[in-house]
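Both complexes below contain subunit A, partnered by subunit B and then by subunit C.
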Partner chain A sequence: MATENVANAAALGAAQGPTQGEYIVHHLTHLNSTGEAQKSIVDFSVLNLDSFIFSTALGILAVLLLAYVAQRATAGVPGRLQSAIEVLVEMVADQAKGIIHDAKSRLFVAPLALTVFVWIFFLNAMDLLPLDLFPKIWSTYYEASGHDPHHAFLRIVPSADLNITLALALGVLIVCLYYNIKIKGIGGWVHELFAAPFGSHPVLAPINFLMQMIEFAAKTISHGMRLFGNMYAGELVFMLIALMGASWAGMHSLSGGLLFAGHVIAGSIWAIFHILIITLQAFIFMMLTLVYVGQAHESH
Partner chain B sequence: MEHILGLVALASGLIIGLGAIGACIGIGIMGSKYLEASARQPELMNELQTKMFLLAGLIDAAFLIGVGIAMMFAFANPFVLK
Partner chain C sequence: MNLNATLFAQLIVFFILVWFTMKFVWPPITKALDDRAKKIADGLAAADRGKHELELASKRSAEVVREGKEKSADVLANAEKRAIQIIEEAKVQAKVEADRIVANARGEVEQEVVRAREQLRDQVAALAVAGAEKILRKEINAGAHAEILVAIKQGL
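So, the complex of A and B:
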């Protein structure tokens, strides 16, 4: 994997000669519906096609994998894949049981948590593919079809796109609001909005309401930002490591050899550490989903 | 121009450095408490380990978001118009 990065990055550097800054900026630009980099920070008319396509494809892949295992599941001696999926499902079911005490809600929320975990794990795992593999294929194709390869943008880690992670967090918020209303009733929930956390005195009502709104906003934004921040920083570190390999001009000088060794060693260490990060972040997102939905079940 | 670049470089260093201080203190306190707790009650070790990793991810997250932002400032500097 690391040597491929070297070859790709070096080839890119030799062919087009981007500076280090240009290389990073090019890799941080999404393939979107306008065909160029997004100009303003918030622009709802832009659709990031790469995140959309990769997240949908990975979602379908995850569903197919789980369906394949579920169909071939046997009560006899299970295969390795079946055992792994069984461990996974049991783990999620245990966590759900510990956090959400309403067995009826759990029928929906536990599968939701499993979906969230598996999907986010797949999205994050795209980080482990060679950094330049897909962008290089895409730019070669783009050039072959008669376009400028400098505008062939592609980012393959959907969870390093803030739009995707915040959309997931908003989905969880909607589930929370649904359970708030379902469990407490609309009147009960509105009463809680104005009476918790400080008490149901009329003077305290606006403060309570403000606190509740801040709590919902902070929960949702930190939920999405946490996943995004981890994946974005991880992707950037992979790019920096790739740049180290791209500076390698040959084995004839000592610094060249050191850069090559540094690339291989740093790339391997970071990739191994990243296996922990991608699993942990998917797990944390799932756990927080369960915790937030669990909070929606508690009445004050 | 150079002025802005220098300030942004300093800012990136501060973002990463101060974030690292906080995250390291947090992880250190949690790790020491975990070791203490599992020395007192070794039978709880597995259960606590899951929770420790969960919290480690939570503590790390704010720091890593900072690292991401600092890296973006350093390489795709939004303050200098190209």
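So, the complex of A and C:
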């Protein structure tokens, strides 16, 4: 009797599609190397295939676009695409020049900032694609190849994956450490770790070191978390908006019509607002990258 | 928001893309920008030079025009002077010529007068002879009294 009820409920659920909670959870589950949602918080045996493939593909697309323009760049009258890229490059170069005063460092850091900006912009822009387009294509393909479509997970916004944003922040941290050592020397940097910010005194040394560690950790984690949080929240809001439209599909009443209108209006507003967000977040990430690397050049 | 190996994969991709950008994207674009900036600077400098040269040229042309005007004024003045001179000379010459013509005419007239007087004298002499002949038809021989006749002729 009880099993019958469960079976009935399952059949009913399958017929009516996923519940709202199931819909959200399904959309927030990565396509990873295990095929299941990751159980533990940290598990380095798992790879998020969707984030990795989309971010790598978009990264390659971004740098190839830049390289395409760069290889054809002329000093004469530029085309529109070249002008657009030049505006970008000049913006990054100006910011880098204002923050990092070492011309030799800029040869590496400015391209780094450009890469970060363009790449993150591309990653974020995936948010503007229709929410269910890629997951639907993927689950259709997954089902056609004889698998359970309920396990066809796919998230196409890589910057809404903490792994991706934290990896970028860690990359920036590594660059910062490299410049700390390069500019100040290994001895100078170690001295600074124990002597700044409170001053060089044996009693203060551990406190200084603790502060420095906290600073590095806070910088890096906030750097990665800021981008992740913005994009994750943005994606979630898109999902909630999409739920309004999904609810309408089952109703034929006034409230159903309102839900449909709500989906259209809220979805448009949020998408337009997101054009600002994706650009702003890419810019903030780039600026913080420059600021952190710039700080690595300064001695306390 | 679970952490997994994606982190390391992304980290590696990150540095590869940064390296790629540093190698193949940044240098050509900044070079194009610098070259264009140089081109524009050169163009502006050339424009300035052109302007300066134009100024010089207009100054020089004004100078030439001024000189030309001066020269033409000189020429005009000279020409006027010369014309007056020529007129004066012509006047003098004309006067001389006129004087000469007048002198010639006067000489001719005098000659004519002399000749006329000669003729008149001859004719009067002939008339006197003819008259005397009529009076002295018989007594006077023209040949014998030629001396007298000449004397009369001289007396006229």
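The working rule: the second predicted complex is superposed on the first by the 281 of 300 C-alpha atoms of A that agree within 3 Å, B and C clash if a C-alpha of one lies under 4 Å from a C-alpha of the other, contacts with A are read in each partner's own complex, and residues count from 1 in each chain.
Just so it is clear, a contact is a pair of C-beta atoms (placed from the backbone, for glycine too) under 8 Å apart; a residue touches a chain by one contact, two chains touch by 3 or more.
Note that the coordinates shown come from a computational prediction; the quantities given were computed from them, not determined experimentally.
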**OP:** In the superposition on subunit A, see if there is space for subunit B and subunit C together, and answer fit or clash.
**Re:** fit
**OP:** Report for A:I24: first if it touches subunit B alone, second if subunit C alone, otherwise both or neither.
**Re:** first
Original post:
Given the touch rule stated above, what does A:N163 touch, subunit B (first), subunit C (second), both, or neither?
Top reply: second
Original post:
First (subunit B), second (subunit C), both or neither: which does A:T140 touch?
Top reply: neither
Subject >> Partner chain in contact with A:F283 - subunit B first, subunit C second, else both or neither >> reply: first
**OP:** Mind telling me which of the two, subunit B or subunit C, contacts the most residues of subunit A?
**Re:** C
**OP:** Tell me which partner A:F44 touches in the superposition: subunit B (first), subunit C (second), both or neither.
**Re:** second
Original post:
Which partner does A:Y232 reach: the first (subunit B), the second (subunit C), both, or neither?
Top reply: both
Original post:
Between subunit B and subunit C, what minimal C-alpha to C-alpha distance in angstrom results from the superposition?
Top reply: 10
Subject >> subunit A residues contacted in one complex by subunit B, in the other by subunit C >> reply: 228, 232
Original post:
Where on subunit A is subunit C touching in the complex?
Top reply: 32, 38, 40-48, 51-52, 55-56, 59-60, 62-63, 66-67, 69-71, 73-76, 78, 82, 85-86, 89-90, 93, 107-108, 110-112, 114-116, 119, 161-164, 166-168, 170-171, 228, 232
Original post:
If you look only at subunit A, which of its residues touch subunit B in the complex?
Top reply: 20-21, 24-25, 28, 225-226, 228-230, 232-234, 236-237, 240, 277, 280-281, 283-284, 287
Subject >> In the complex, subunit B residues that touch subunit A >> reply: 53-54, 56-58, 60-62, 64-69, 71-72, 75-77
Subject >> Residues of subunit C defined as touching subunit A within the complex >> reply: 1-11, 13-15, 17-18, 20-22, 24-33, 35-36, 38-39
